[in-house]
Structures are given as structure tokens and as C-alpha cells.
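Across the two complexes that follow, chain A remains constant while its partner is chain B and subsequently chain C.
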Partner chain A sequence: MSRNAEAALLAGAAVLAALGISIVRVAGGESPDAQTALTFLVVALAFGSLHLAFRQWAANASPYLLPLTALLTAVGLVEIFRLDPSAAGLQRWWLLIAAGLGVATLAVLGSSGTDLLVRYRYLFLTAAVVSFMLPLLPSAWALGGVEVNGSRLWLQLRLFDTTLVRFQPGEIGKLFLVIFLASYLASRHAALTSMTRKLGKLSMPEPRQLFPLAIAWAVSLVILVYQRDLGASLLLLAVFAAMLYAATGRAIYPLAGGGLFLAGAVVAGTAFDHVQRRYDAWLRPWDDFADTGYQIGQSLFALGSGSLTGSGLGLGRPDFIPSATTDFLFAAVAEETGLAGSLAVVAAYALLVAVGFGIALRARDPYRKLLAAGLTAAIAIQTILIIGGVIRLLPLTGITLPFMSYGGSALVANMVAVVVLARISHEVAS
Partner chain B sequence: MSALVASLLKVAFIGLLYLFLWQMARSIGSHLGADTPSMRRNRRRVGELVMVRSDTRAGETISVTDAVVLGRSPEADVLLDDPYASMFHLRLTMDGDTMSLADLGTTNGTYVNGRRVTNPVVLNAGDSVQVGKTIMEVK
Partner chain C sequence: MNTPIRRLAFILLAVLGLIILDLTYLQVIAGPRYRDDLRNPRVAADRSSTERGPIVTREGIVLAESTPDEDSAQTFTRSYPEGALYAHAVGYTTLLFGSAGLERSYAQDLSSDSDLTISGVIDALLGREQGAEGIRLTFSHPVQETARQALAGQTGAVVAIEPSTGEVLALYSSPSYDPSVLLGESAAGGDGLAVDPLTPLRDRTIDQILAPGSVFKVITAAAALEGGLANPDTLYDDPLELALPGSTAVIRNADRGTCGDGTRVDLATAFRRSCNTVFGQIGIDTGAETIAAVAEAFGFNDEIPFDLPVLASSFPGESLAGDPAATAQSAIGQRDVQATPLQMALVAAVVANDGVLMRPYVVSERFDRDLNILAQSDPLELRRAISPGTAAALSDMMQDVVESGTGRAAQIADAVVGGKTGTAEIPGSDPHAWFVGFAQVEDRTVAVAVVVENGGDAGDEATGGAVAAPIARAVMEAWLRS
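Showing the complex of A and B:
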């Protein structure tokens, strides 16, 4: 597929967004208005500028990443607009910011490429830790943390008693951590693979090789548990184990990660009330439908009433689901486009992840392999965790659906991740 | 809005989604199959160029597996008998089914289809490669 075909598909995604918005308007008994044109223009402008930046700084990059991202973003924008037009207006701004930062990332990586990130790896580790800590700043400060729904993840900028902007620095922090881990693991590759110690039947590397990693893991986990966001801590642990596995091919890392996680989940369930409530809502949603089970219950009703082809955009009642634009966007999409539409969304994620791992497979040096695998694993694991939560396969974790959920920080972080992936594929191909 | 229009719009939206995915999946499928490392080993191809115009070697075929360096130096894999060629002039690389060409920073340059190349380029069948007065064609 050529760059021109990529451009055509990006235009297709913008048309899809415009069509979706128009359908929502028509379903509401109104006619398509400026919102339709505005959404078309914003999607076209955001992905058009990324496309031009690809031509400029990553001409040999995989042409599949952007169209899939654009498709998911377009469907997300439509469903957000259907649920809350003002949120869609904000999300459009975030999309432009995310695209701008993506272009800027490509420009910065333009001359020296992703090797630049290796040089500043400890800066990235510091930035990651600081990002996770920022929400712990006192709420009274102009730039302070905020606690929302029992998790302290937000940073807000307040001036003269008005909240100017809210941001989840942890989303960017995850990205920084993956960048750090990729260069760190690549340089420790040999030592981590040589299994000199035996623990029963399992081979272990020298414990001191794992020490810095254990610190990085413990710090992020402690911060996240302190902020009481189980989803993000689970995501970090999973990405971590996935990258160690990719670096070494040793099954002990994912096994140990899974064990650590199960232990953490049990401890969290007994220690934190809000985690315990989530387990209850997951296992027995109908016992307390009016309270803890309400959200997941409404989500299941939405999935069920969506049936095969859905109610049609704007014709269902996904607004019954609390926080449908963020955590439960997938349920809203499934209600209004049915099994057909939601499977298309899952397929788009699957293709995106396949392309990402394809880039990792083709990379020749361990650093680029790990960076591509880590970024892809992060997107994949987020998607699995939140879609699993929405369909009650897994306990609900407050993770956003990449590119689709309403939320600026996640959109920015994921967009930059895709841009870095693209840059790696460019370097691998040239 | 009538029920018929609603159904039509619904089907149109989902249909467009799948059309988009179909376009993507089709080309990703062939792309992924082409050059993942394990498959690359099984499906390694030999690329070939024919000397179309050359003082001494016209009509000869150059086979490319892995990587081949062409140049005026006797140490080059393939000797380019041309006064305008550099000692090590260009490198041809096979990666799965794709042959690519990289100019090794030469004085007189390498021309693919009449255009001077600065960055590595992918060669397709029928492309002409010119070094000085020598012209080769990709088979």
C-alpha cells in the first residue's frame, strides 16, 4: 500500500466521521449542521498533517498505522458526539493537539531517529516517575491533583477559581516508561537472558540484574496503589512482563508477572473498598443492581439490545450507562452499531496490534524491537482490559479505550505512541 | 425519520466501516505474509538485473541474494567496468521479495529511471539503473 492509498483511506475516515455525525443529527430529528463539517475538517486536518509529516520525516513508515488510528478515532468521535456534543467539541480540540504533538515528535526524531530516545533514557525514567507523582500535589495549589471516583489521577490547572484544563499525566508517564524500559532492557539483553540461578525447575537470572527493574516496577506500583488506580497499575505490570518476555523469550517473566498480579489483586480486594466493590459488581452485578451493579448492568443491557446490527446511531439509549463517553464507550458503540459494528472495532484494534508486532518482528536491533513491542503491547493490553471490563469478562478497570474514549491525555499519549511506532518502521525499512 | 431511512443509514455506516477494514486487511495480509523473519527464510528470492548497456559486459545477468556491492574496485562483489563508477558504487539488497538499492555516496551518482537517488529505494521489475554509461534493467 502506498502513501497515496494511505491518504485516500484517511480521507475515508474523515468521511465516515462526517457521515456518522450526520446520521446522529438526522436521528435526532435535525438536519446536518456545522458539526458535521467541523468534524470532517478536524479529522482531515489532524490526520492530513500527520500524513504530511510522515512524508517528510518517515517516508518509509508503515502506511497501515495512520488509517487504522483514524478509523478508531472517527468512530469514537461519532459516538462521543452522540452521547455528549460538547464533549465531542472538546475532543476535537484534543485531536488537533494530539496530531500537533505527533507532528512535533516526528520533527524532533527527524534527524537522529529513535536513537535520540536512548540518549535521554534516564530523563524519560525521571519524567515517568514525576508524571505518576504529579497528581499527589495538594489540590489547593494552582497546579494541583484532583481525586475523581476514588482515584487520584488528575492534574488540574486552576486560575482564579476556574479550572482551565484537566490532564492525566500518568497516560504520558506510561509512554515514557516504555521508552525507558526498551533502551534499558536492550542494553541488558544478554545478562537478562542468561539464566544462572535455579529455583526448583525454573531458571532465574542473577538477582542483581533484576534489581533496577524491581525498583522501577515497585515505584510505579506503589504510586499507583497510593493513587488507587488498579487498572493503570495492572496495565503497567502487564506491559512490563510483556517487554521482559519480548527481550528474553523466557517464560519466567510473564509467569512471575501473572503471579505478582494475582497476589496484588487479592491484596487490593481486601485492602481497598472500591476495589472490593468492583469485584462484587463484576461477579454479582444483579445482587446490587441499584448501586454497584448499575453501570455494568446497563452496559450488558446495551450490548444485548444492540443485537446484530444495533439500534442505529442516535436511536439507542446508551446514555443510560454512567460515564458512557469514557470507560463504557465500547458498550455505547455496541448498542448503536450492534455486533457488526463492535466486531469491526475489535478487528481494527487487532489489525493495529498485528501491524505493531509486525514492525517489532522486522526490526533488527533489540532496542527497536522492544520499543515497538512495548508500545504495541500497551495499546493491546489497554484495549483488552477495558473491552473485557465492559463485556464483564474481566473486572472493570478505569482504563480508556485507546483513540476512542473521550479524554485528551490518553489520546495524546496513544497518538505519540503510534507516531513513534511509525518512525521505528521507517528506520527498519530504510 | 422513517424506519426505512434509519435502516439504510445504519447499514451504510456499518458497510463503510467494513469497506475500510477490508481495504486495510487485504493489503496488511499480503504485507505481513511477505516478510516476517521466519517466512523470509523460506521464501528468499533471487533478484536479477540485466546489463543493457556496458562496454564489456552487455547482456550479462547479475544475481542478487542478501546483499551485493557493485563498483569499479576488484574487491566489489560485481565489477562495474565504467570510468564514471566509484570504487564501491552501490549496494543491492534482497529482503524477502523486495530488492532495494542504496547509492554509497558516490561522486557521479546512481540514476534509477533517470532520477538520481540519494536515499535507498525499492526496485521494481522494469526499472532501469544507470551508473555512468552503464545501464542495467531489473528483471
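Showing the complex of A and C:
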């Protein structure tokens, strides 16, 4: 497949978005209007410029990455528009910003390669830690943290009592952490793999080798305790454990990480009411349907009502689902497009994940392998956590669905991740 | 490090595969269960926007109808033209508050979405008329309207029944509400109704059980007569108070005096004057199990078969057996006895129908769009509750109550009227005023039950004779004159 085929597929995604917006309008008893053209132009502009940047700075990159991203973004944009047209308008701006940052990232990496990131790895660690801590800034400050639904993950910029912009710095922090871990683990994986110290019958690496890892683990606990968010904390720890496993091949890291997190989650469940309610909603949604079980119940009703082929875009009632544009966007898509649509979305994620791990496997040096594997694992785990929550396979963790959910921070972070993946695949193929 | 990366990829893709399996299960296999779950608001949304058949009174007055929306050919808006007057029985189909009343129990018949069934497709192919069926009710508009006016803002309920058929002529529960505030997607008024301390959403005719007080003496008397323990002339002691065996409690009459002259008094006189002392003794003599058996023949301790769900009235015969003190108090309708107004109206109806209990019903027929009758409800005899002799004796005693006893306020010129008053003592509150009775002019008969909770406007002065009997008179007269 060539860059030309990629361009054709991207045009297809823009057409899909435009068709979707038109169908939503017609289903609502109106005629297609400027929204159709606007959405087509924004998707075409965003992915068109990314495509041109690929031709310029990542000409040999995998041609599958961008079309899959565009497909998911387009479907998300249409469903957000169907639920809340004004949110879709904002999301279009975020898409342009994400694409712009993607192009800029590619331009920087294009001149110096992904090795550049290795040089500044402790800067990335610092940036990651700062990003995660930013929401703890006092709410009263112009740039301060905000608590939303019991979790303190948001940073907002306020001037003269009006909120200008809200952002989840943790989304970008997650990206920085993956970049740091990739270069750190690549340089130390030999030391981490050799179990030289004996602790009773257990062998373990030299303690000083583990110090930076302890920082990363501490960050995820801080998120759990001070920001009280199960999802962000779980995502971070899972990505962390996945990368440690990829670097060392030792299952003890993910197992220990999982054990530590489980312990933390149980403690959080008893300590924080809103975490306990999430467990109740997951395990016993019908016991207290009117209260704790309401969200997940509405999600399951939406899935069941969607059935095989869905109600049709704009013809279902996803407006009954709480937080449909963010946490439950997948349920809204599944209701209106049915199993056909929901499986297509999951399949697109699976393809993206497969392509990402393919890049990791073909990379010739540990750093690029780990960076590609880490970025891919982050997208995969985030997708699994939120879709799993929406379909009650896992407790609901309230994180966004990559590329699809309404929200700027996640879109920017994931777009940059895809661009970095693309650049790695270019360097691997060149 | 390719091996761990490959394993990692395999695990994550396997979990995505698991998600695909679970999605297939949720959307296709378990899908219909979730789709049709009553808590799924889409069910109500469908019902509240599709065409549904009309509900009309016996005279044809429209109580519920669907009109097509102006902006869409497919959706309809349900409206309830008589508003609060029939709110409880007719019920509602709403988006946000579910459904209730006949709108709920007859949802299947009223809805038009039968077009995907095999018979629906065949009907369509044969060009048969499709669409929503309507239902006609046995309600009489003047009777229902009179019930509303007579209760006049007091908390309580009125039930009127045609005794020989079981047709329900009126079911009015006060306070009522306007169902239109529950309709639509924003339905602002609904939450207020749900938390209103006066519980306007509750159908007090069938969904609330109260102590019946002295109206229960009809059943106690029936039990004594049925068992052959007494006839209307049987003489009883007439004490100032009835000492309850094994207890320090006593039973007194409402006026704290004796029933008659303080020597001996007959059953009919005790019934006419509603003497607690005598009926407490009759309860002890008759025994809880015998009273329970007769109460159950009238419908107590079981769900009454009806077009709407009825709360079971209770007379706990087994737990009262061997406790004469509690039996005496229960025999005068206090303590452990609780009844719905519908149940008490059926008691009066049985007396007026020579002892036979008819199945009460409110839906008389189903009709199609062209008003062709599709099905009719026929009167159904549930069982003989009491012998014709007992019924005749009770009827005479009840007529005495209205002619010269506690129920004189229920007299209707040129009509045969019988009844029984009740003033149920409620600890810490004003008494409930009850009246059950019947009235007949030529071939027109009606049985009623009226309850005004906590004395209504009369407060602690309230008695069944003063508060409930005039309401019953107005309601019965409305049917006799209609």
C-alpha cells in the first residue's frame, strides 16, 4: 500500500464524516446544512495536512496508521454531533489543533529522528510528573485544578471569572511517561533483567535500578489517592507494567504491579465513596438501578436496543445515556449502528493495535521497540478499559475512548502518539 | 525482546476479542431482554409516541386519546382530556415516569405495534383494518363527577359499583393530579407529585388499606348470621363497657353510654346504633376463624380479580384465634383489620345482590377504529359469599341504619337505601369517616364505599354518619337519577 492509497482512504474518512453529519440532519427532519461541509473540510484539512507531513518527514511510515485514526475520529465526530452539535463544533477545533501539533511533532522528529527524545528523557519524566500534579493546583488560581464527578483530573484556565479552556494534563503526561520509560528501560533493561540481589528466597535487581520506576509507580498512586481517579491511575499503572514486561520479559513486573494496584483499588473502594459506587454499579447494577446502577443500566439498554443493525444514525435514543459524548460514546455508537457498527469500531482499534505492535516487532533497537510497544499498549489499554466499562466487562473508569470521545486533551495526546508511531515505522523501514 | 512484545500484543488483542464476544452477546443474544426491559426508557418513548387507542366512558366521553403530531406523520401525542377526574384509573403512559393505571394494564390492547406479528402481517395482506384498539369503561361520568364534587378537596376515596353485574361506576381518589404534567420529555411537575406528602399519585380506591372501623360490622354480623349463632332479634347484654378477657382494656361505645336501656339489646338495634360493646361480644362469641372465613368469602386476604391491581384487604384470622380481646377489637373493624374502599364497596354490593359476589370490572368492551366491538366483558359470578337469608337480614338491618340509625344522612327520597357508617379511630390522628351502602329505585341499583381520611374538613368531630354518608348519598343519587 502506498501513500496514494492512504490519501484515498483519508478522503474516504472525510466523506464518511460528511455523510454521517448529513444523515443525522435528515433523521432529525432537517436538510443537510453547512455543518456537513464544515465537518468535511475540517477532517480533510486535519488529515490532509498530516498526510502531507507524512510524505515530507515519514515517507516510509506504515500507511495503515493514519486511515484507521481518521476512521475512528470521523465516526466519533459524527456521533458527538448527533448527541450535541455544539460539542462537535468544539471538537472540530480540537481536531485541527491535534493535527497541527501532530504536524509540528513530525517536523521536529523529521530533522533529528526519534533519538532526539532519548536525549531529553529526564525532561520528559519531569514533565510527566508535573502534568500529573497540575490538577492539584488550588482551584482559586487563574490556572488551577477542578474537580469533576469526584475526580480531580482537570486543569482550567480562567480569566475574569470565565473559564477559557479546560484540559486534562494527565493525557499528555501519559505520553511523556511512555517516552521516558522507553528510553530508560532500553538503556537499563539488562540491569533490570539480571536479578542480582537476593531478598530471602526472592531475587531482584539492584535497588538503585528500580528508583525511577518507583517514581512512576508513586505517581500512579498519587493520582489514585489525591485525584481520586481509578481510571487514570489504572491506565498509567497498566501501561507501566506492560512496558516493564516488554523490556524484561519477566512476568513478575506486571503481576506485582497488578497486585499493588488491586490493593490500592480495594483501599480506594473503602476510602472513597465514589469509587465504592463504581464497584457497586459494576457488580450489582440492578440492585440499586435508580441510583448507582443507572448509568451502566442505560448503557446496556442502549446496546440491547441497538441489536444487530442499530436504530440508524440519529434515530436511536442515545440521549438517554448519561455522559454519552464522553464516557459512553461507544454505547451511543453501538445503539445507532448496532453490532455491525460496534464490531467495526472494535476491529479498527484491533487493527491499529496490531499495526502498532508490528512496528515494535520490526524495530531493530530496544528503544524504538519499547517506544512503539508502549504507545500502542497505551492506546490498547485505554480502549479496553473504557469499552470494557461501557459493556460491564470491567468497572466503569470514566476515561475517554481514544480518538472518538469528546475531549481535546485526549485527542491531542493520542494524535501525537500516532505520529510518533508513524515516525518510528518510517525510521524502521528506511 | 520480541517474545514479550509478541505476548503483550497477543494478550491485548485477545482482550479485544473478548470484548467482541461480549458485545455480540449483549447486542444480539441478550439484546431483546435489555431492549424490552421496562426500565429502558426507549420502551416508554415508543409507547408514548406511537398511536394508542382511545379510552372512553360508558357514555363515550373521551378519557385518553392519541392525536398525530403536526411535524411528523409517525408520532402521536397522548392526551387526557378529563385530566384529574379519571387520573388514577385511566393512568398514564409517559416517557419519564413509566406508565400506570389502565394505560399500563391494557398497554398491549391499546398499542398499535402489532404489525410485525404473523397475524398482523396476514391482516395487512388481507386489507383488514389495523391499528390501535380502544376500550370502553363502565364508568358513569355523572357518578364520577359527583364523587369528585362531594369529596371537595378532602383526602379520601369513593367507589361505586353496580351490584348485579360488578360494573364499576366510579373510582375517585382524592387528592388527584393532572396527568398532563407527567407527559413530554421535560415533565417538570412529576418529581413534585412523587414527593408530595399528600401522595396524590396513590390510587386510594384500590392501592391503600385502612382500618374500616364500624363498617366492618356488616361482616361481623354476616358471620354471626351465617353461623346460625344469631338472627336480627337475638338479645345481647348491654354493658356500659365490654371488659376484654385476659386484658385490662375495655371497649366502649362512641357516646360512652350503653347501647339500649342497659339491660338487653337485640342485634338489629346494636347494628343500627353501631354499638361497639355488643359487636365486641359478638366477635368473641363468633370467633376469629368464623369471621375470617366470611370476610374471605367477601374477598379479604386475597387479591381481588380486577382490571387494575388491587391491594389485598386483610383480616388475620389465624393470628387472632385464641385471642378474644384482639378478636373483639377486630370485630369492630379496629386493630388488625384493614381494607381497601373497593373491598368495602363489594361488601355492600354482595348484600344488595342477594349474597352473590360479582367480579368487579371497569373495561366493558374493546373496539376497533370503526367502533366495531371486538370483545365484550360479561358479568362473572365469583361466588356466593353469604346465603340469601343472611343477605336479606343484613339488607333490612342496613336499611334501618339509614332510616333511623347512624346513617340517616344517606336517605334518598323514593329510593330504598341501606348502609353502615364507620368512624375508625386512628392513634394520634383524627378518625377516618366511612360509609358503605346501597340504593335502589326500580331496576337501578348501586353500591358504594366512601372514606374520608382523618376526618376531612370536620377534623376530630368527624363521624361516618356526618361526613361520609352525605357523600355516599350524592354519589348513589347520581347513578339512580342518571
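The definition used in the following text is that the second predicted complex is superposed on the first by the 417 of 430 C-alpha atoms of A that agree within 3 Å, B and C clash if a C-alpha of one lies under 4 Å from a C-alpha of the other, contacts with A are read in each partner's own complex, and residues count from 1 in each chain.
Please note the rule applied: a contact is a pair of C-beta atoms (placed from the backbone, for glycine too) under 8 Å apart; a residue touches a chain by one contact, two chains touch by 3 or more.
Here the structure is a predicted model, which means the values were calculated and not measured.
Asks: For A:Ala7, decide between first (touching chain B), second (touching chain C), both and neither.
Replies: Touch status of A:Ala7: no partner.
Asks: A:Ala354 in the overlay: touching chain B, chain C, both, or neither? Say first, second, both or neither.
Replies: Both partners.
Asks: Between chain B and chain C, which one contacts more residues of chain A in the superposed model?
Replies: The partner that reaches more residues of chain A in the superposed model: C.
Asks: Examine A:Ile387 and indicate which partner it touches, taking first as chain B and second as chain C; both and neither are also allowed.
Replies: second
Asks: Look at A:Gly312 in the shared chain and tell me whether it touches chain B only, chain C only, both, or neither; answer first, second, both or neither.
Replies: first
Asks: Please indicate which partner A:Pro366 is in contact with in the superposed arrangement: first for chain B, second for chain C, both, or neither.
Replies: second
Asks: Figure out whether A:Val420 sits in contact with chain B (first) or chain C (second), or with both, or with neither.
Replies: A:Val420 contacts neither chain B nor chain C.
Asks: Touch check for A:Gly297: first (chain B), second (chain C), both, or neither?
Replies: second
Asks: What is the contact status of A:Ala377 with respect to chain B (first) and chain C (second): first, second, both, or neither?
Replies: second
Asks: Applying the document's definition of touch, where does A:Ala18 land relative to chain B and chain C: first, second, both, or neither?
Replies: Touch status of A:Ala18: no partner.
Asks: Both chain B and chain C touch chain A; at which residues?
Replies: 29, 338, 347, 354, 361
Asks: What residues on chain A touch chain C, complex-wise?
Replies: 29, 189, 242, 245-249, 289, 297-298, 300-301, 303-308, 316-317, 320, 334, 338-339, 342-343, 346-347, 349-350, 353-354, 357, 360-361, 366, 369-370, 373, 376-377, 380-381, 383-384, 387-388, 391, 393
Asks: Along chain A, where are the residues that touch chain B in the complex?
Replies: Its residues touching chain B are 1, 5, 9, 12-13, 15-16, 19-20, 23, 26-27, 29, 59, 64, 67-68, 71, 75, 309-310, 312-313, 315, 337-338, 340-341, 344, 347-348, 351, 354-355, 358, 361-362, 430.
Asks: Please give the residue numbers of chain B that touch chain A in the complex, ascending.
Replies: Per the stated touch rule, the residues are 1, 5-7, 9-14, 16-18, 20-21, 23-25, 27-28, 31-32, 35-37, 119-120.
Asks: Under the touch definition given earlier, write down the residues of chain C that touch chain A in their complex.
Replies: 1-9, 12-13, 15-20, 22-24, 26-28, 30-35, 37, 39-42, 45, 71-72
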